[in-house]
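Both complexes below contain chain A, partnered by chain B and then by chain C.
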Partner chain A sequence: MVSITLDGVTKEYGSLTAVDDLSLTIEDGEFVSLVGPSGCGKTTTLRMVAGLETVTNGQIRFGDRTVTSAPVQQRGVALLFQDIALYPHMTVEENIAYPLKLAGVNGSDRHERVVETASLLQVEDQLEKYPGDLSGGQQQRVALGRSIIREPSLFLFDEPMSDLDAKLKHELRPLFAEITDQVGCPTLYVTHDQEEAMTMSDRIAVMNDGQLAQIDTPDEVYRRPDTQFVGEFVGRPAMEFFDVRIENGANGPELLAGENLTLAHNGLNGYDGDDLRVGIRPQHLRVTERHSGGIPATHVFDETLGDRTHSLFETPVGRVTVETPPDFRGGQTDYSIEIDVEKLSLYDPSSGVRIG
Partner chain B sequence: MATDTAGDPPPHDSVSSPRWHRMLPESVWGWLSITPVLLLYTIVALCPITFAVVASFHDVHLLNPEWTFVGLSNYAEVFQIDRFWGSMWRGVLFMIGSTLVQFVVGVWMALVIDSLSRTSRLVSTLVFTSYLVPTIVVTVVFEFMLDPYDGVVHAAGSSLGLWNNFLLGNTDLAMAAVVVISSWKFAAFVSLFTLAQLRSIPDRFYEAAQVCGATRWEQFRDITFPRIRGALAVVVFLRAIFMFNKYDVIWQLTEGGPGSATTTMPILAFKETFQMNAYGRGNAIAVIMFLVLFAGGVLYLRAMNPSQEVHT
Partner chain C sequence: MSDADSLGRSVRLSFRHRNRLYRVGLSASAVVLVVLLGFPLYWMAANAVRTRLGVQDGGLLPAPDAVTLEQFAVITDPTVGQYLINSTIVTVGVVLTVLAISLVSGYGLARFEFPHKIAVARFLLLGYMFSPIVLSIPLYLIWDRLGLLNSYLGLILALSAISMPFSVWLMWKYIQTIPESAEASAWVAGASRWRAFVDIVIPQTKPAMIANAIFAFAIAWGDFTFAYVLMPNNDATTFPAGLFRLLGSQWDASWAEFMAMSLMLTLPPLVFAFFLQSYLLQGFKIRAL
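And then the complex of A and B:
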């Protein structure tokens, strides 16, 4: 098994650039998620890797082998679709065995390997049935079986769980992780669900508008988003952003917003006189009684989540979400919000790129 | 449920269920709503069929309004006609031949159109207009193209040494010519049917198969064919029935000739009725055609079971 390399891959549809100069390496055995909003080019990227879409520019390599224009059949990839794509006219057994049948494996060996794969996926008692008789989760297990039965060189997932309900997702997530681990080949997992990407991946590649915005471990992407876009896309609730000016006050640098609103004191040495955009996770904001120090805020409503509360406040710098304790109930009254300056990410206000 | 609503209507529901509607039980409304169809079916189908069956038991001379009941003797006579079994054989030959040609050409056209582009409708529209061309236009154009003096198809065929004189006057080749000409129009029917089924196959199925390593032929064998098999079974069934009953094309081209080279069952029935003036006997032939088709149809559907072919 080998690593997968995308080198300056570009895909254009007429004048539209769907994927723009994307470079990315997936190491052997590594699980990389490609996340991004709808239309960001993540599925196009996956389809180019699979060979279902032609590449306009750039190279795709499996190890040393350049596969940029190789047909799908010669790439030896496993691909799981969002809409599952099991053959309704074949039984579960025939579906799982299909790649083996094409490879010319004889009947009894085929059956043996199907039973082996099916028991790994806990569908061994469904072999006689047709896909239409199975639940969505079972169908996706069968599709997984079909894709792993012929030891793939690369595992591709195209939003395989977006049609399934939350309970099934939680059931399938560890199964996908376990199976890809066991197969041991590089995995590229496309999803628009940042939570899925966070929980399953070794590394996350965030795409925006055809370009790679950031690729790093889930932890790094969450803690140090490279751009404002990544900060907003990864993590729930989304990162809050404020445009500020840094000025030296009586007790050191102060973060000023608008005319004369001080967001925080005692922060950000070395940015005197700069205009910045600062980002902070709602988890790092604190709600206190109304006092002169913090951002004046009026409570709007609470989203009760059981283990925590997401509270929305109206402030002079716009609506701000704060993560509050489980028993917090705002009651539409006045508060102050304090920023933990240590946890701020700093961005260039015009480009949205991280500067500190 | 139905009787509940009728017996105990909600007091202020006059808009969705007016008073006059509530005065009759629902079953009466049901019968009333299908009455037009029943009436139409009775007038258009049941009456003429009954009339034909009754006529087949009578001796009816076209110029004599008196019907004489003769029991089964019309049927006995039919089997005595020297051309009956020949016509039956030619009818079956015509049915199988033309259905086969339409099937092969039609399915092939559908596959080509489907692979061209799923968005381009122009080619498919052009193909399907052939189905809209009136039969008389088709036959007249073919007669013209086969004309021994200035027909283009005649020129091509005779220069290749396939035939010498008027093709439709050739006892050995007339049937083949009629089969091909009658298929020209109806291949589009097969295409239309097949294409609708082809378009219902998701692209994902082919992509998944390619990922599994399937070649084009394997994709056809394992996905396309199983998915369109049920529709093909139905279209063959329909075409075979239509072609066995086909009268207009053959009559316009050859009137069943030369000799009786293209006399199929419907041509024979027509000739018996209007040329031999034996209306009863003509109807007996029609009834026999119906029984043959009925038996064939039941056997075919038993064997193919098209409704069982489609798993969704």
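And then the complex of A and C:
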């Protein structure tokens, strides 16, 4: 087992740059999620690692071995596709055994290992059936079995759960985590679902427009998004952003949002008079009765979620969502919103890059 | 009902009557079709099992004492037998050639991008704009030069070319419906492109292969023009063209024997199409064709 390195990997389609100078290392046994909106280049990246797509520039290494131009057949990866891609004309047993058949393993050994793998995935009583007779969850398990039976050097997932319903996702997530843990090789999991990425990964790599926006532990990505994009993409409801101006007040630099809000903030010496964008999680905003200190807000709408409420407010800095207690009902009246200044993230308004 | 009457809808037929009318119309048109298409077949079959004298009687049903299977003994005639062997060899050859070429070129069209792909595929259909006789005369000259006249290979090539446009298009559209990820997962597992094609793609094209096989079978088995022009030797000719030769020759054959030969010529495609029709329909059902 080895680590996987992407070094300045670039993919161009004509004048379009799908993946731009991406560098990333997945340690042995590590589970890394590649997450981003559709068209951000995450699937292209995965296909380049698998060898299904050529690399325009840069290097891909499995351990010390450079595989940049090695064909897909020689990379020894396991790949789970979005559409499962079982062979409809083969039984479950033949499906799982196919990689072994290609490797020239003889019939009885094949059967033994298929049974072993199938019992690991709890599909050992489905071996005689055809994929069309299985439920969605069982099909996923069979596809998983087929991909792990040959002890891969790298595990790749291409949005395997995006077509499944929520209940099945919850059933499969721990299974995927458990199986990848047992196989023990590096794992690259591509998804557009930030919740999936957050719950399963050792580290999350957030991609936007072909570039790596941030790579860190789920916790760190959530608490300290490197860019405005990451803040909006990771975490639900999305981080709220508004523009402020910095002025040197009596107690050091202050942030001015709209006309009514003044926030004291340390560590911003030297930014006097500049414009700034601040981001804050809806969980770190608090609704109080209307008073002079907070942001004046008029309640618009409540989303009742049972264990909490997402409440939308109209404010001088734009519409803002606040996480409120489960029994909160706004009633379209006036409130003030208070900000937990410690939890603010500060961004450059033109580039969206984090400055504090 | 009373509501409908008060609203002035009584002039219309009730649903029950409309339904009955519809069914009567459907059955009537079915009867007309069956009679038009079926009677010649029946006439052929009925006369194939009569004695020579029975044929001359000409009743709708053969007289009981005039029924015989002896006309089918014509198959043992060396000339007729040779026609049948020729037809069988050519038909099997055409079906196999069409299957092989349509699979490979359908896969190529479905999975690879190359310049003017659509134009090339459309160009294939151009062959259907000419009647067989227009094509077969220049082919005769070319085959003559190449020494392919009177050879199985020559006729197989000509007939395969005629069935090819349809078969390639059908296979192209059919392979497009097979997800590429199924192949890709085989490549990841270590299969070469060819191996994945053979193991994963070909088995899944069964309905299209059967549709193509039936189509090629029908063209090859029923072909008259190409066989007549490209196989001028009596020994080399196939059943349909051979039958025509016998009609025009001084060969002493009765109508009953001709009917028996025609029936033998008709039965294989009927049986073939009857047992495989569900596959045939599946093959035709692909959208965008």
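Everything that follows uses one rule, which is that the second predicted complex is superposed on the first by the 334 of 356 C-alpha atoms of A that agree within 3 Å, B and C clash if a C-alpha of one lies under 4 Å from a C-alpha of the other, contacts with A are read in each partner's own complex, and residues count from 1 in each chain.
What we mean here is this: a residue touches a chain if its C-beta (ideal position, glycine included) is under 8 Å from a C-beta of that chain, and two chains touch if they have at least 3 such contacts.
Computed from a prediction, not measured in an experiment: that's the story for all the values here.
Visitor: Specify the outcome, clash or fit, for chain B and chain C once both structures are aligned onto chain A.
Guide: Overlaying the two structures gives a clash between chain B and chain C.
Visitor: Quick check for you: in the superposed arrangement, does A:130 touch first (chain B), second (chain C), both or neither?
Guide: In the superposition, A:130 touches chain B alone.
Visitor: Is A:83 touching the first partner chain B, the second partner chain C, both, or neither of them?
Guide: both
Visitor: A:98 contacts which: chain B (first), chain C (second), both, neither?
Guide: It touches chain B and chain C both.
Visitor: For A:169, decide between first (touching chain B), second (touching chain C), both and neither.
Guide: A:169 sits against neither chain B nor chain C.
Visitor: Of the partners chain B and chain C, which touch A:150 in the superposed model: first, second, both, neither?
Guide: In the superposition, A:150 contacts both chain B and chain C.
Visitor: Identify the partner contact of A:73: answer first if only chain B is touched, second if only chain C is, both if each is, neither if none is.
Guide: both
Visitor: Does chain B (first) or chain C (second) touch A:50, or do both, or does neither?
Guide: Both partners, chain B and chain C.
Visitor: Share the list of chain A residues that count as touching for chain B in one structure and for chain C in the other.
Guide: Residues 50, 52, 72-73, 76-79, 81, 83, 85, 87-89, 98-99, 102-103, 146-147, 150, which sit in both footprints.
Visitor: Mind listing the chain C positions that touch chain A in their complex?
Guide: That would be residues 179, 181-182, 184-192, 195, 199-200, 203-204, 206 of chain C.
Visitor: Once bound in the complex, which stretches of chain A touch chain B?
Guide: Within the complex, chain A touches chain B at residues 50-52, 71-73, 76-79, 81, 83, 85, 87-90, 98-99, 102-103, 130, 132, 146-147, 150.
Visitor: Could you pull out which chain B residues touch chain A in their complex?
Guide: For chain B paired with chain A, touching residues are 202, 204-205, 207-215, 218, 222-223, 226-227, 310-312.
Visitor: Across the complex, what residues on chain A touch chain C?
Guide: 50, 52, 72-73, 75-79, 81-83, 85-89, 98-99, 102-103, 143, 146-147, 150
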